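Shared chain: chain A. Partners: chain B in the first complex, chain C in the second.
For the complex of A and B:
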């Protein structure tokens, strides 16, 4: 699977790992990875170190995740974006919305 | 000549002496007087001869002198002619040069004036250019357009454009999610309809069984058979209704499926290439900014050059004062020409028919010439002091 997710034992952290292309094809499974988590203050970290491509709908997906997280007082972190992905994050000035950790 | 009168006087005295001697009767005195008379007569004769020889010599000398002056006369005439002629030529040439210089200086003055004017216009244009391109200059006066402001605005517009694209992606994805949720709900409704259909068919069977049991009961079950028929027809109506609901919901689901496909298409449209144009336009804007800086820098240099040009033109205009100096120099030529004419006149005034006064006349001529020379020399000395060059003159801009 190009996407898999894991919830930490204390239910406070959701790790979403995306490989290859992060595009519209993943929208359903990406949503599924967080839709059922309803605890407060959850931190969602998206690992994009092995995602070689990110399209504009993926940006929309992350924005929807951010809204979902903030509704419950949580936050979103993008971890180690691949250079190709980092480029589009930079064009979109995405660090205005989520924390990007290199 | 005097000696001739001396001889006559001697003769007269001795004649008087002879008369007195005759009257007194002094023989010695008479002889002495006679001897004196003879001596006087001889003296007169001698003197007369000597005078004649002198006159002849004088006459010869005068003839020779006249011949000599006659040969000088045409030389003087010729010199007078050439002096007059040269004076006229120099005068004409001086006038011509003066006119040429005046005209040329007029044209040059006009040209430099125009250069000055164009240079001013050019400097105004450059100032406007600097104002519109210099990041330090304000462009808040509305109708004027400033390049740095344009670059900043364009960058903002691009950022807005990228934000709008992202918002669109987010919204279309949100819509897709809601449609997905709705489809899930519709699938739930379909399951419920199936349950209702099952109930209707079971009710139908139950009513059929009731009818059979009513028929077996005979006359007593007749009323119950009527009820069973009613229940059966109700179950059939219920099944029909369910069927209609299923049809409607199926249509709704088809519509939603189409909606899902359409919104999905929008959500799936990858605009990241379009977003990447922001980066390209950004680098183009950086190039424009670089060109703008270049323009600003060089416009500043052109401004400095314009000021230097003004300075050079002003120097040139100042140099045009040579016209005054040359005019004065040419005017002083008139004095020299006058001198030449005066010498010619002096030569013309020599009278060659009066040989006795020739020496006197030449002496006068020489004196006049010397006075003229001294006058000319003192004038030249004065001029050399006053006109040393252009730099000594005052600055005058016209």
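For the complex of A and C:
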């Protein structure tokens, strides 16, 4: 699967891993990976170290997750973006909305 | 919209084609199928099956595998080919044992497999299951056709309602090739009252219909504000506010915008688009403007946007591209990328066919592979020749201004401190004037006069910037940097006021008096005006031209209060004459 996710045992952290192309094709499965999580203060980390491509729909999907997270006082972190993806994030100046950890 | 029921298909679809070389098998199947409720067509070999299929277009095929001449596997392949986009399920039947037979049947295009001998009940439920898949498939196809239709409409809206209103200058070259799934690239151009041209290349998130939602408000805001003379920063801020209110989370607009003056000065902004390139005549990259802001519609306000001010050489070109160019993918999954773009751009500049060369390079690279995203290119030359006639808005009657010959009025605005940075009083004044006086050709003149006088008052009066800086192309950039910095430190005692008085004497053309006053300490205006007069023929001077222009447009231009107050008198209707 190009996307898989895991929830930590204390339910405070959701880790989403994406490989290959992060684009519109993942729309539904990306949503599914966090929709059921409704606890307060959850940190969602999206690991993009193995994603080689990201399109604008995917940027939009991250914003949707951010909205979902912040409604319950949580937050979103993008982890280790692959260079190709880091470039897309930079062009969109996404560091202004989401924490990006290299 | 009414929904076609998925089983509403021609009766011909309820036929079943039975293919078997054994008469006994055919007859057994026929009796079972008639019992279920089908019309049955019989074929005794593969070739006959293919012929009968095309003739009857059955809804289902039951295919024996082992047959002489053409076996069931080859016949299935040909039938699937003939069916094209229509889904015709084929159930393979064999008495042979083993995984291999099943594997081969399915791999060669069969949809299911029944092992002989089988009972009536097994056949009935197998057919039922496969009909469910058939129905689903038809539903998907129906939705697909529906969506395609809606996308065509979306594309129509784009080309007719939005891009049709673009000013047509053959000097600015626009090229767009939409992907088969329309992908939201939008190109808009419009002229400011002073003759500057605003050009925007945008790329909405998503594909198909969703990408069209924001296009109409985008185009309307862009055109209306450009026509009223607002600066790029204000146009972009307003588009951002509009889209933020309108678009749901996750949808936004990456965009780049260029404001181009006829003398080659330009203001460039990039929010989420690929680098904007300024190319020399030899095709070298002279300057690169990276994305300095996020795309529009994400945050409610965009403070401190990053603008690049630059001066183009006459032979320079600005190249704007959408990511569809860089991310065009060939069959090997390789991207077109920047290296190929730069190379094609260099050749294109030298051959004077920038966009054509790039598109040919993309096509050669794609080798017929379909593009996934819209591809947009815009080429803006270093100098744009403006003609007075092209400035007039279509459909505006330049003649008629005022009905009431005797009425006059006054209007004024005073901006203090921080508001000087935030508010554009010229656009406000102009829209007030248009409100009172109606449309007309003279607005271009008045816009120029107001802009020059306001900018002088702010830059040289309040901010005290030396205009000598502007006398070189490099200093021009420095000038804007200083200006930005000074604007950040405005004290509340700083002000610029604009006072407009319209005087209408009976029988004469009416007069507009424009007074601009600033909190600065003034300047030696007499000497300044003399110097300008001396240098009138000196084409290289970048400073002082604004005042010359204002002098040419006005009946009179008088400085007072040591130069911190200036009054211009403009006669309605005579403006364009004065230009000549």
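By our rule, the second predicted complex is superposed on the first by the 102 of 102 C-alpha atoms of A that agree within 3 Å, B and C clash if a C-alpha of one lies under 4 Å from a C-alpha of the other, contacts with A are read in each partner's own complex, and residues count from 1 in each chain.
FYI, contacts are C-beta pairs under 8 Å (C-beta built on N, C-alpha and C of every residue); 3 or more make two chains touch, one makes a residue touch a chain.
Just so you know, these numbers come straight off a predicted model, no measurement behind them.
Superposition of the two structures on chain A shows chain C clashing with chain B.
When the shared chain is aligned, chain B and chain C each come close enough to touch A:56.
When the two structures are aligned on the shared chain, A:64 is found in touch with chain B and with chain C.
Of the two partner chains, chain B is the only one touched by A:31; chain C is not. Once both structures are placed on chain A, chain A residues 24, 55-57, 59-61, 63-64, 91-93 are touched by chain B and, in the other complex, by chain C.
Chain contact summary for the complex, chain C toward chain A: residues 203, 205-207, 249-252, 254, 271-274, 290-295, 298-299, 323, 327. Within the complex, the chain A residues that touch chain B are 23-24, 27-28, 31, 54-57, 59-61, 63-64, 87-88, 91-93. Residue ranges of chain A in contact with chain C, taken from their complex: 24, 55-57, 59-61, 63-64, 67, 90-94, 96-97. Residue ranges on chain B touching chain A, taken from their complex, read 159, 162, 165-166, 168-174, 176-177, 180, 264, 267-272, 274-276, 278-279.
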